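Structure provided below as structure tokens; questions to follow.
Labels run A, B, C, D and E following the written order; every chain starts at residue 1.
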Amino acid sequence: MYDKLYHNLPVSEALEEEEEVDLFDYYYDEPGSLPGTLNIEEDADPPSIVLIDYSETTATRVQLATPEACVPYLDSESVSWIDVQGLGSEDVLQRLGKVFHLHPLILEDIVNVPQRPKIEDYKDQLVIIAQMAMLNEQEDSFWIEQVSFVVGKHYLLTVQEEPEHDSFEPVRQRIRHNRGTIRKHGVDYLTYALLDGIIDGFFPILEVYGERIDQLEDEVVTNPTRKTLEKIYRIRRELLALRRCIWPQRETCSKLMRDISPLIRPDVQIYLRDCYDHTIQVIDIIETYRELTSGLMDVYLSSVSNKMNEIMKLLTVISSIFIPLTFIVGVYGMNFDHDASPLNMPELEWYFGYPACWALMIATASGLVYFFWRRGWFENVSSLKDE
Amino acid sequence: MYDKLYHNLPVSEALEEEEEVDLFDYYYDEPGSLPGTLNIEEDADPPSIVLIDYSETTATRVQLATPEACVPYLDSESVSWIDVQGLGSEDVLQRLGKVFHLHPLILEDIVNVPQRPKIEDYKDQLVIIAQMAMLNEQEDSFWIEQVSFVVGKHYLLTVQEEPEHDSFEPVRQRIRHNRGTIRKHGVDYLTYALLDGIIDGFFPILEVYGERIDQLEDEVVTNPTRKTLEKIYRIRRELLALRRCIWPQRETCSKLMRDISPLIRPDVQIYLRDCYDHTIQVIDIIETYRELTSGLMDVYLSSVSNKMNEIMKLLTVISSIFIPLTFIVGVYGMNFDHDASPLNMPELEWYFGYPACWALMIATASGLVYFFWRRGWFENVSSLKDE
Amino acid sequence: MYDKLYHNLPVSEALEEEEEVDLFDYYYDEPGSLPGTLNIEEDADPPSIVLIDYSETTATRVQLATPEACVPYLDSESVSWIDVQGLGSEDVLQRLGKVFHLHPLILEDIVNVPQRPKIEDYKDQLVIIAQMAMLNEQEDSFWIEQVSFVVGKHYLLTVQEEPEHDSFEPVRQRIRHNRGTIRKHGVDYLTYALLDGIIDGFFPILEVYGERIDQLEDEVVTNPTRKTLEKIYRIRRELLALRRCIWPQRETCSKLMRDISPLIRPDVQIYLRDCYDHTIQVIDIIETYRELTSGLMDVYLSSVSNKMNEIMKLLTVISSIFIPLTFIVGVYGMNFDHDASPLNMPELEWYFGYPACWALMIATASGLVYFFWRRGWFENVSSLKDE
Amino acid sequence: MYDKLYHNLPVSEALEEEEEVDLFDYYYDEPGSLPGTLNIEEDADPPSIVLIDYSETTATRVQLATPEACVPYLDSESVSWIDVQGLGSEDVLQRLGKVFHLHPLILEDIVNVPQRPKIEDYKDQLVIIAQMAMLNEQEDSFWIEQVSFVVGKHYLLTVQEEPEHDSFEPVRQRIRHNRGTIRKHGVDYLTYALLDGIIDGFFPILEVYGERIDQLEDEVVTNPTRKTLEKIYRIRRELLALRRCIWPQRETCSKLMRDISPLIRPDVQIYLRDCYDHTIQVIDIIETYRELTSGLMDVYLSSVSNKMNEIMKLLTVISSIFIPLTFIVGVYGMNFDHDASPLNMPELEWYFGYPACWALMIATASGLVYFFWRRGWFENVSSLKDE
Amino acid sequence: MYDKLYHNLPVSEALEEEEEVDLFDYYYDEPGSLPGTLNIEEDADPPSIVLIDYSETTATRVQLATPEACVPYLDSESVSWIDVQGLGSEDVLQRLGKVFHLHPLILEDIVNVPQRPKIEDYKDQLVIIAQMAMLNEQEDSFWIEQVSFVVGKHYLLTVQEEPEHDSFEPVRQRIRHNRGTIRKHGVDYLTYALLDGIIDGFFPILEVYGERIDQLEDEVVTNPTRKTLEKIYRIRRELLALRRCIWPQRETCSKLMRDISPLIRPDVQIYLRDCYDHTIQVIDIIETYRELTSGLMDVYLSSVSNKMNEIMKLLTVISSIFIPLTFIVGVYGMNFDHDASPLNMPELEWYFGYPACWALMIATASGLVYFFWRRGWFENVSSLKDE
């Protein structure tokens, strides 16, 4: 499942740990299962149902024991936000479906997470599937969790995968303390406020990636190692995952800010346009980062080739200098018999034979060093540092 | 032909076997053949015709001997599902065409497999060509088989390439045991249920690919070999094949969930929207996997370059240390005649000549080792492991 | 010109021959020439005009001497197919233009080959430019030839570049022997039948390419040579050429199967839909092959790098083992004077000096061999095969 | 923030300086903040409010002390341009919002910079967000700054991030000295003139990049170094940043030149079409530069490989010549005892033994040199220059 | 300016010359200049105004002294083609603008060259900006020059950058000698004829590139050098420039062949469709060439890697054969004292010691040669040719 994927996974740092990243991101029905079959995971938390009911003047928060306890609130004029957290009981979820008259397929999409984000219009209800991403407190890991919205005339049902955390706390505070205009608006504004919270959650994550890319830009030219390569790949992979969460959300916002349904009033559409702007900005940043990392990959490859050149140059310099010298000393290590012929290595008997031999070798070596120095091969020797 | 292609082909594992993968995927008419010419393969199974007739109260299953035996069922109010399995008899198939009033070109598309998936509207009939993919029992291979649908008012004709297996068994069970709402709905819902079964069949295959990519991600950095390269290529190739099966299916679902024909009623269109969602998700996963494998290819190339650097460094270290030493010992292997001149290699006669020579060599070697150590060249020697 | 290009060019095999492939594929007017100027090539065949006139009951085939001889047939109720083969006479072609009331620009497009495939609607005439590709008898080469269609109410004019061969023989046989329904239909069905013949001609060519790609897939991993590289490039290049022929044909079929003109009746549009399907399939195969060859290019590059690694490893192993040994023997080849000092190479006088020296060398070599063996460097030595 | 990013950053030259480039380009709300919350940066300049009020006959320029001082001008027939520079006071900005009846979300977009460029239509106001890029005086660095426009019937409000510089001075001069037709037109023409100034500001920046790419084209083939690589990457990165500023501006111009609002009159739409042309040209140049730098990257990679080949050839030449020679001299350094057998190295006692040995060596070396010379390996030795 | 760019630049051959190619292709206003400001280059030719006035029966050619001399012709029924060549006088151009009632922005686009090609409809005038490309007489260089069209009811104004050459001479001859139907048609046909001339001018240039690519295809596999790389890059760069000239022209033709304006009559639209076809063909060829050169780049990179493999193999073969041999001769160059122990190198005193040593070395070398020969390493030695 999705949230397990990144749960406590330090963003792109924890490469070595044998974390079980499940690439197979969407939930799929056991082939042949009935449409509407709910999948309850063993370790899922039991659903908790919290109702927040408010109007311009009052606001109450109630923990409900059963889905049916929602019923009295649904048709009242006040805004009723029913927030269900946890998908651990088929019975509760089925009853929830009945209370809200949900089509079995919608209930399935809400429960069998993760699904691709989308929006569907059922005349008297709008159904929105969204993926919520949150940076953790240490700012080194993020969670992804599905949130489903059912927007009715006087109520909003939200269903979260897990109760631990969400991006909605500030909205709850605004309702409680009557901050801003939220209590003056209806269900549509509440929907906006929550969607806005979800999208705002992507920015801090992307900021972390921005910093990591920044670091990689330095690393890739100064000290490219095998780790660098892995980091680039991981960042690309995780950006891919984030893009899948936010890309379809764009269509959701785009539809909401147009006249999709009478459930969304024109004055709230202006707010949804802001939400749409932010979605576009998130996508824009992700695409930019993907282009940058793609460029980094090229730079990395070139850097590795460059380093190879440096290594080869070192080998070539040392071999080229010493191999001829070794040949020279080899010559004078030969055992031709001087007694047999005066032509046989008379040098060995010269008075200055040995110094002359050294002179020859020094001249040879100097010539070669000069040759390499002229070509600038010694300039980068100091940069031969490595992984 | 298509199904032969992957028949018993362990998913991307069986690289070595000389399996005969036919890249030329679509059936094509012998140039110049008459439109409507049916191609019967030598080894094709003879068609078996199974009729399942049901209404809300009853359900029967009959094995029919001839296509003409279908006729009484076609106009009855009950839903009649005629499932033909096997394309081995031109006579039977031609008679089937007559019984169902099929245009010769449609019959051709049904029989001359594989064809590209599509949907066509013939007023009183909808014709759907689909490709059905199934993971086998060992979860290491998959089949692809064409299924054609002819949707009438009171009947559904499906034609499968082969009788061995299909994704339809759960639907048959639902009809038989009256599970879910299938017996309350009509032909349109049956069509949905079967299409849903086909699309659901892609998910388990993709899950297997997800796991293989996961393994490759580890392999490509820790131990990239020639095999790794082949595996990446094979996965990309097979994803390409899967994409060709599912991509055009998207249009089929998209058309069905809109008002394409009075044969599909609005309440079933909601189900078809779910089917469309799943198709999009399959495509989404395939595209993600393709991006990931494309990234893996880059990582592989870089890893190979990195390993080359390691090898070169080893060669350079050993050569750089021993070549100068060999030169030194070569010097003192020269035969300059000390008797001829006191300048000729007096070192050879020094009291500490030999130890001094060793001291020089040890100093040289140490200096070079220090030089390389400072540059960090020894850090990765332990990672020089190989294929 | 186009057909020269591939005339007798064995498909992607004839790489070495200095064949004159003209990349500049489309005909272009001498800058400044009058619109409607016809270009007659020196070596073009003189046009032969064959008329096939048929109705449900009769069918005649006449070789016409002049274009004007067509006139009596053009308004008769029977279907008159005038097939002109060869573009070698300006006079005949101009008269042909007059007989059929062709706009000078259309006549130009018909004669000045090759042109990009297209369809144009002139109220009482439909003009179609198509490119016909045919595999030759040895199945190792293909031709491309332009065929132009002028569709009238009771006649069809087709103009081929050359008389040697075309894809139309089966259609002629169907008319002659009254096979299928062709004699029951009109000009529109004849147009379909010929277009279908053209598109069917691409499949056998693509099948050949499919086999070649199959071979390359093996070659590129087992034995990648410089030839492999050339073959991949050539296949990509030829697929590009085929794509240019078929891609615009898609629009032709697409327009024809919609209500472009009263000249095409609804019952024939169903046939044209089949034709459109096949065009899409040809494009689909070409794109698939292009993706595969692009992947092969990556695999090739990696294979070359891999082979380099193997070569370097061999060099490194041999150098690393023998260079230290050579140093050792060099040590004991030094001439330090033992008489001058007991410290000078006492080893040389040890009783076990020489065996000890060998023991040292064997130990050194064994250690290094073990080092490499542990790293698995010997596993692939057997795969060091080469071009 | 945006302008800090490039503030005084010499265009793509200042690669080494540890400048803090913030990849995270768009402003984002503290998650959970109220919609409409303004973010005032610590170091932001206090807003200065300059009003320029003009008609065909008169033009005045007033520095206003408070936002409320604008009020008398807003409904007067004359054109009133209120230019606010600096975002350093929440109080002033909130009051500005009230004076101009700005929606809180618009005020937020104006203040919380940078935002993605966009245009929004609020019946009686048009809101435009733009990014202004300016080359500095030394022509080696550029600034990016957000400018927001609120277009009313008789007024134009512009809000700049900072007071130091803008592209608007020429427009101020045209108003002051009544040059051109600006004083004869209304608010719409003023809006055009300012937008035109912004877009014109991109051209000089791009000209600098054009010159740098020109230099790189030479560098990459004659002398490709690690620096070259960094420069290419940096240019790509900065072009990416510029593209993000200008790309959405295209939509702004496109909407303005169509009938988006009665605030823009037809005679000014012609001017906006010119503005649109220039935007397209800027985008066109950026895309061209991106393609060129992408090509440069390929050339760079190839150049590095080419240089490696040169290095390897040098090593191979020297090794291939001297290693065999060293073997030969090694042979005659062996100590086989001639006294023990006449077969033991009789060469050592030949009269011409030593000269013959040299002859052998010279012949060997010459043969190898000829071998390499025939293959042309010496031609490029002179080009072995390096970084 | 544009034409300077390629003036006398041999097509992709003149790579070495330090030609000053200005990548910054479009003209841009001095930031802050008034809209409508004309930029007169110092070295621009003074405008010459040539009027060609014709009807079906008569045709005159007059050199006009002043723009105002055009006036009498503009409303006469005959077709009046005013061709202005050279942009060297602001006074003349401003008066021209007045005579033709040109909007200042249009005059600006005509004079401040180069602009992006486009078409604009001003009710009674059509304004077309086009880029004219011409191969020179030596067929090794091309010019690009802007031509602007102002199409009125009875007149056509064309403005060329320079008087030296244009693609219009054949049209002038057709008018003069009354060839073809040009004198029977109106201004719209003249516009077509000139646009057709411009587009026809691209084909010969592309033919030259086609030949160069053809040569490169051979070069890149047989003898890839650093020059090859530069040539590929240059061709890609110049194709990019050509694409920028022709790509927007496609929209011009596309709009003209539809019902954009009553100034273009239906019978001329058929001609413009031909013009559109040619534009598409030019774009098609450019895209094909770009794909081919992109493939060539890959082949080049692979070829360089292949050559590296060859070099490394040579080094490895020579090193692997001689390093072991050198070790062996080193062994027998050791000075172990045989007198001190019978174990010390008894081989040196064997009767067949020296021959045995040679036998050992020959066996070793043969073994290695066989090893390499079996692996096929000697097959390509003859191909080790180089740059």
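The working rule: contacts are C-beta pairs under 8 Å (C-beta built on N, C-alpha and C of every residue); 3 or more make two chains touch, one makes a residue touch a chain.
Since the model is a prediction, treat every value here as computed from it, not as a measurement.
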### Task
Treat touching chains as neighbours and tell me the shortest step distance from chain A to chain C.
2
## Note on the structure
Copy-to-copy rotation (chain C on chain E, CA atoms, range 0 to 180, rounded to a multiple of 5 degrees) logged as 70
### Task
Round to the nearest whole Å and give the separation of the Cα centres of chain C and chain D.
41
### Query
chain A to chain B: how many Å between their CA centres?
26
### Task
Indicate the residues of chain A shared as contacts by at least two other chains.
301, 305, 308, 312, 315, 319, 323, 326, 330, 333-335, 345
#### Entry: Arrangement of touching chains [line / ring / star / complete / other]
ring
### Task
List, in order, the chains that make up the ring, beginning at chain A and going on to chain D.
A, D, E, C, B
### Task
Using the touch rule from the top, collect the residues of chain B that touch chain A in their complex.
167, 169-171, 173-174, 179-180, 193, 196-197, 200-201, 203-204, 206-207, 210-211, 213-214, 217, 221, 270-271, 273-274, 277-278, 280-281, 284-285, 288-289, 291-292, 295-296, 298-299, 301-303, 305-306, 308-309, 312-313, 315-316, 319-320, 323-324, 326-327, 330-331, 333-337, 340-341, 343-345, 375-377, 379-380, 383
### Message
With touch defined as at the start, can you tell me which chain B residues reach chain C in the complex?
### Response
21-26, 28-29, 31-36, 103, 105, 108-109, 115-116, 118, 120, 226, 229-230, 233, 236-237, 240, 244, 297, 300-301, 304-305, 307-308, 311-312, 314-315, 318-319, 322-323, 325-326, 329-330, 332-335, 338, 345, 347-355, 357, 384-387
